[in-house]
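Right, one structure below, let's go through it.
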Amino acid sequence: MNKKAILIILTALAVVLPFFTGAYVLSIFISIFVFLSLSLSWDMMLRTGQLSFGTAGFFGIGAYASALAVANLGLNPILSIILGGLFSAIIAFALGFVVLRLREIYFAITTLALTHVFSVIIRNLSDITGGASGTILPNAIFNGDPKLIYWAILLITFMVIGISEMFKRTKIRFAINSIRNDETTAKSSGIDVFKYLLLVFVITSAIQGVIGAFYAQQFAFVNPESTFSLNFLLLPIAMALVGGIYTTSGPIIGALILGLISEYLKLLIPYGHLVVYGVIIVLVVLFLPEGIFKSVKKLFASKDNVGSDINAQS
Amino acid sequence: MLEINNLDVSYDKIQVIWDLSLKISNNEAVGIFGPNGSGKSTLIKAIMGLVSAGSGEVIYNGESITDFETHNITKKGIALVPQRRELFPLMSVKENLRLGAAYIPKARKRIEENLQSIYQIFPILKEREKQLAGTMSGGQQRMLAVGRALMSNPKLLILDEPSIGLQPSLVTDLFKKLNEIKKQDVSVLLAEQNVRQGLKVIDRGYVLENGKIAFADNAEKLSNNEHIQKTYLGL
Amino acid sequence: MSLTKKQYIMLFLLALIILIIALWQPHALIYGIQRGSLYALIALPLALVLGILGVLNLAHGEFLTVGLYLSYMLYERFNLDPLLSIIPVVIILSLIGAGIYLLTIKHVLKDGHLNQLLLTFGVSLILIEIINIIWTSRPRNVFTSYSYSSMSIGNFSFGTYEFLYFFMAIAVLILLQLFLKKTRLGQATFAVGQNPRGAKIVGINVSYVYLFVFTLAVAILGLVGAVMLPRTAIFPAVGSPFSLKSFALAAMAGLGNMNGILIAGIGLGIGEAVIKSIPGAGGWADIVFFGVLIAVIIARSYREGN
Amino acid sequence: MKKSYLLIVLSFLLAFVLFSMSGMAQEPIKIGAVNPLGDITGRQSTNAMELAVAEINEAGGLLGRPVELIVVDSEFRPEKGAAAIEKLATVDEVDFFVGGMSSGVHLAQIPSLKKYKKVTVWAGAASHKAEEAIGADADWYFHLHPWDYQQGASYGVGWNAIVKENPEIDIARVFLAYEEGAFGSDSYKAYAAMAEQASEGKGAFAGVMEEFKGASFKSAAMGGGDYRAMLQQAKEYNPDLFIWAGYDADAIPMLGQAREIGFEPNLYVGAPPGWPANFGRNPLSDKVILYGMWAPALNEVSDVAKHFWDAYVEMHDEEPATYFAPLGYTNIKFLAKGIEKAGTLEKEAVISALKSTKYVSPLGSTLEISPSNIIQNQGFTRQKILQYQDGKQHVIWPFEFATTEIEYPFSW
Amino acid sequence: MPSLETKNVVKKFGGLVATNDLSFSVDNGEILGIIGPNGAGKTTIINLIAGTLPVTSGKIIFSGEDVTNFAAHERNQKGISRTFQTVRPLDDLTAIENIMIGALFGQKMGLKDAREVAKEICKLIGFNNFDRSIDQLTVLELKKIELGRALASDPDLLFLDELMAGLNMEETYELIDVIRKLQKRDLAICVVEHIMKVVKELTSRVIVLDQGQIIAKGPYEEVSQQKNVIAAYLGEDE
């Protein structure tokens, strides 16, 4: 099959999905796309070698920026989603000058600590943010129309996939690859390491901010406990790793598989489905250590080879 | 004392050693020469149990050690001076040396004795007894790695490219020491790029090419071999 | 150990700060030392596993949880005092830890940090949910006569049981260091932590050392669990927050710095307690914890950068 | 590369197959419940709902049709809770929604609930934020649990009554310890507002709250568990009435820490949504007062409560441990009674029937609907004041359900 | 005008002096050898000039411009390139993509142009397996990639840090030929080597370092006779 054709069919399938299915399946896919985009954005940062634990933090900041802009300034919800992204990007830009000096677990723990700092600040600035009980919005975006909400997150997801592919196809790929592999070599080859790290940090944080803002508008509320939940950190990471890191397809596959499995398991095993979920994750790590995407690719590749060998013999 | 029969080794799916056999007798110094990628390091790793053999066997003093784990091979009396030295950077020179013997039951009883004899061979190690291994220069670390290997009272000392990255004076020095060590009832297996120096130490040598033994001979004949002269000695 | 002039000044400043706190908020000082010691006590085994195996164990807190529940079970079933249950809990938990290590973690040691992270995340999910199925989410407690004993100085009363955390933290720290310095297995452990390949070459059974270290870490958590139980409500997620705090302390102290973990733990404990004891400021206590963490890590990066 | 796309296509197909094949028979009346099944509250609430449904079906069903309860786990996650509503509405095509706890999850469900506007009888979620989100015009929404401000006010009424009955009790200074999350800080706001009213001689707390102070703590359930700094402040304030608003995990450690620093208020009150297992067995619990909707002791004074307890134990082989069990039972029974009364499933009829339905609940009180601050249909407005005596929860107030008298003062 | 000139360069690590008051220069078209015992500070000098390490004091002048305070990537863009002692290829890129890096960022080229440049360089260094992945390459090929990447940023000054280490003589001569070709392009080249044959063959001039200081300079033949050089470095052997 032609790769382009499959891509177009897939895209079309995703776009027309709302005409063939109900609100429930849509809501599952909306949630999957939310996590998929977070997962991809986390992976994009990882491609520079930086393990970020700040996904939930920038998600939360975007969510709050958007919700407060709608609640207090009466901003248009759609614009507020863009604002959420911008706000996260600005915070990331400012913090980047300091935290991007750090590497490995020091970067990881610092971004995680920042997530907590954000949520504590928001919880304590109750005059502006509504404090621990949060802020509610009068209306969900598009008046809660699942089709429109689905298309909106689909559009965002396509954009995120586009950015991820841009990272793969342009000069940026060479820069972030070099930085991940060997920073000294990168510097000595003329790569402005800090500039690229900052670029990726700002872009991925903006994505997380947009997704957070979307989430806030979809459910029409924000509060520190739900909005800064570590679910928005751990699940995207699990999805990317299960699917396969450093690729665009990996997080997509990981998010679809884990997202669908978790929902299906829940219906199948009402009590204790999370045990099975945990077992699946453990089994994937043990038996498909490169993630599903690369493992499946290898499996098919070796089969193809066998095929060609047979052809060669005959 | 060491016999390798029909050894095959592969990484992933790429075979690196092909049907290789060689022998080392007691008190013999044997060299393995060959270009990069010819499989010298892999052969050594296979002997030491650091990679697993695909097929074939490694026999040491009549016992098959093919599937032994590295630490058990070391306990049998085979010591390795690895190419990357593999020292313990946060430990002092003395601690590094002691560790060389601490896990070998026979050598453990003779730690102090061994220390003194190694200090005799490498006075620099005594001078720097308390320095952390990680802060020493490359040459000194190489000496320490040799010293650590000797601490285990090995019957067979394996050295993987000990001269790489060493300044000329140290290379000469190192091989002089090796000649001394040879005299102490130790067999030596030496993998080297620096064939000129290596030939001064060994009794017999194998030339490895593409994972197979291209030819083998005693040291003198090897140094007169035309191919060796052209490719490795640059004459 | 000889100290530089700079270190003397730092020590002096530290002593001064502690003195000021002692005069201004004496209870904050006591609570800080007690809680901070507990944080450090739990962080030490995490740092050990991180330092030697190179594995960041997200299921760390869950092993503590399992230890707590084991001790609770022995109390409920056999009316065994939590402090007496230390020995059986340590033994059973060690077996569980070793089992989980052999079944899972052992197989991903060569796979890179991220897979280890995901694996331990999966393990933690499984442990939490199994506990939830067995004991439900309902908190449980035990009652012992000694766990809320107190002491008074003037009209100022404070609990004494938690000083046990402090003494235990010091004891565990000293024993760990003696172990690493003085015993053959300890030296092997230290060697494996620096260079596993080198360790193999000198005849150390590296896979045994890994198993031992992981089991030791879990065993320490069993000890902590049994000691904590009389003062803690337990529920399936009780240990989870400690993974994060332990990770934070290990990072703040710098990898491999065990003394640093105790100092960082107590420092952050006191900081937290001081903020909490200022009326109206309690909500900001977490900022101290994480703010100081970030500041220390960044300051160190600047120092090392130059 | 291609294979990955194939995989994605397969995932989509899988989703279609899995989620479109459920929902078939149309016969029974379908009630959709969303509860956090991993949590004891949600699990027991669900158990109690199943009990209620079983009883209804045994008695011949509703309007001659059997009742089917379809339960979906909210996992305590907002997006999962919302998706559960969507599934119940579109896949299972339920007629009614019931269930629920956690305001955070409920807030995320409200947009979906508003979209379908099916008759909804919601048991939990006490935050006034949820009430704001529902709004004034949602006539299809019935809320059973008292809102946070109603709970606060009912205690004021209760204490006034108790003080009147027991002249030796004197309450002037009130100290509220609240966990720093949404639950605690909402409680604090409610109390602060009531304190201001009380200082002007108005409101439920007038006469029993001359002075008021609050301090926050981090709940053990959220990774805290050290209350001493807060308790120290409380001790210095020396209140007559000490109330803490936190979670069940805080109950015993907080008591113990209060004892060790020598904090001994005359009234020690806890207001968590649930209590730890075997709390009464802990000697520290004696004379601790608690706010709640229900206590096993109600079995002694209420036949409905007794019936519920026995039936629950028989069906599920465990004792109800949280008030969400009787509340879940009430949730179904109340709805069923309303439907029965309406005699049809037609929405307007059911709504107006529910509005006038009275149900004597196993929680003791009779459930009837009245408007609250914002919404039209509010169920319970009052909590109860209970006390642990000799290891047992007793009802102190309202007096009509009282199982014993208050023991005063609290002491170690 | 010399291509590179260092003036009194000092580098301290904590209390340790790694290079002390170092002044030397290299002209275009010249190959300078830098030799000295292990730990003498040879790699440190490269790091200082390439900008991977900041100097403690002193000045580095390149093509008449003071670059002392420039970041590493800026110096590369100006025309200073280097290879690394241990080869550091970028795993997830193919062979030619590794070389392209230099052109993409050192010369700020687009992808297409960079590929053309990389191809030309491959021709120059005698490398043909463009699209091989890195783990399939031999040591010699890896060294070529390392050199190729350094060349792709079109340097005026090139540092080769033990490029020949681990190669046999035949392979070494192949690279010597490549470097000679480069010399004809008027590059200034600094060679750090332990293999004296290479130093003898290639360089017109050497400086000998010991403990961070220059202890001798001049043509190799002269320097190698000096007693202090023999004592500190060469040994009595040959």
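General remarks:
When the chains are written out, they are named A, B, C, D and E in that same order, and each has its own residue count from 1.
Keep in mind that, in the parts below, a residue touches a chain if its C-beta (ideal position, glycine included) is under 8 Å from a C-beta of that chain, and two chains touch if they have at least 3 such contacts.
Just so it is clear, the model here is predicted, and its values are computed rather than measured.
The minimal number of chain-to-chain contact steps leading from subunit A to subunit D is 1. Listing every chain that touches subunit B and subunit D alike gives C. Taking the mean of C-alpha positions as each chain's centre, the chain lying farthest from the centre of subunit E is D. On a Cα centroid basis, the chain most remote from subunit B in this structure is D. One inter-chain figure worth recording: subunit D and subunit E are separated by 74 Å, centre to centre, where each centre is the mean of the chain's CA atoms. Rounded to a whole number, the gap between the C-alpha centres of subunit B and subunit E is 31 angstrom. Measuring from the averaged C-alpha position of subunit C to that of subunit E gives a distance of 48 Å.
The multi-chain contact residues of subunit E, meaning those touching 2 or more other chains, do not exist; every residue touches at most one other chain.
Shared contact sites, meaning residues of subunit B that touch two or more other chains, are absent.
Across the assembly, subunit A contributes residues 123, 271, 274 that each touch 2 or more other chains. Contacting chain pairs in the structure are A-C, A-D, A-E, B-C, B-E, C-D. In the complex of the two chains, the subunit C residues touching subunit B come out as 184, 187-188, 190-191, 194-195, 197-207, 256. Within the complex, the subunit A residues that touch subunit D are 1, 3, 6-7, 9-10, 13-14, 17, 20-29, 31, 34, 123, 126, 130-134, 136, 139-140, 143-144, 146, 215, 218-221, 223-226, 229, 231, 249, 252-253, 256-257, 260, 263-264, 266-267, 270-271, 273-274, 292-293, 296-297, 300. Considering their complex, residues 38-41, 43, 180, 215-218, 220-223, 225-226, 228-230, 232-233, 247-253, 256-257, 259-262, 274, 276-279, 281-284, 321-322 of subunit D touch subunit C. Taken together, the subunit B residues at the contact with subunit E in this complex read 35-37, 137-140, 161, 164-173, 193, 230-234.
Touching subunit A in their complex are the following residues of subunit C: 56, 104, 107-108, 111, 113-115, 117-119, 121-126, 128-130, 132-133, 244, 247-248, 251, 255, 283-284, 286-287, 290-291, 293-294, 297-298, 301-302, 305.
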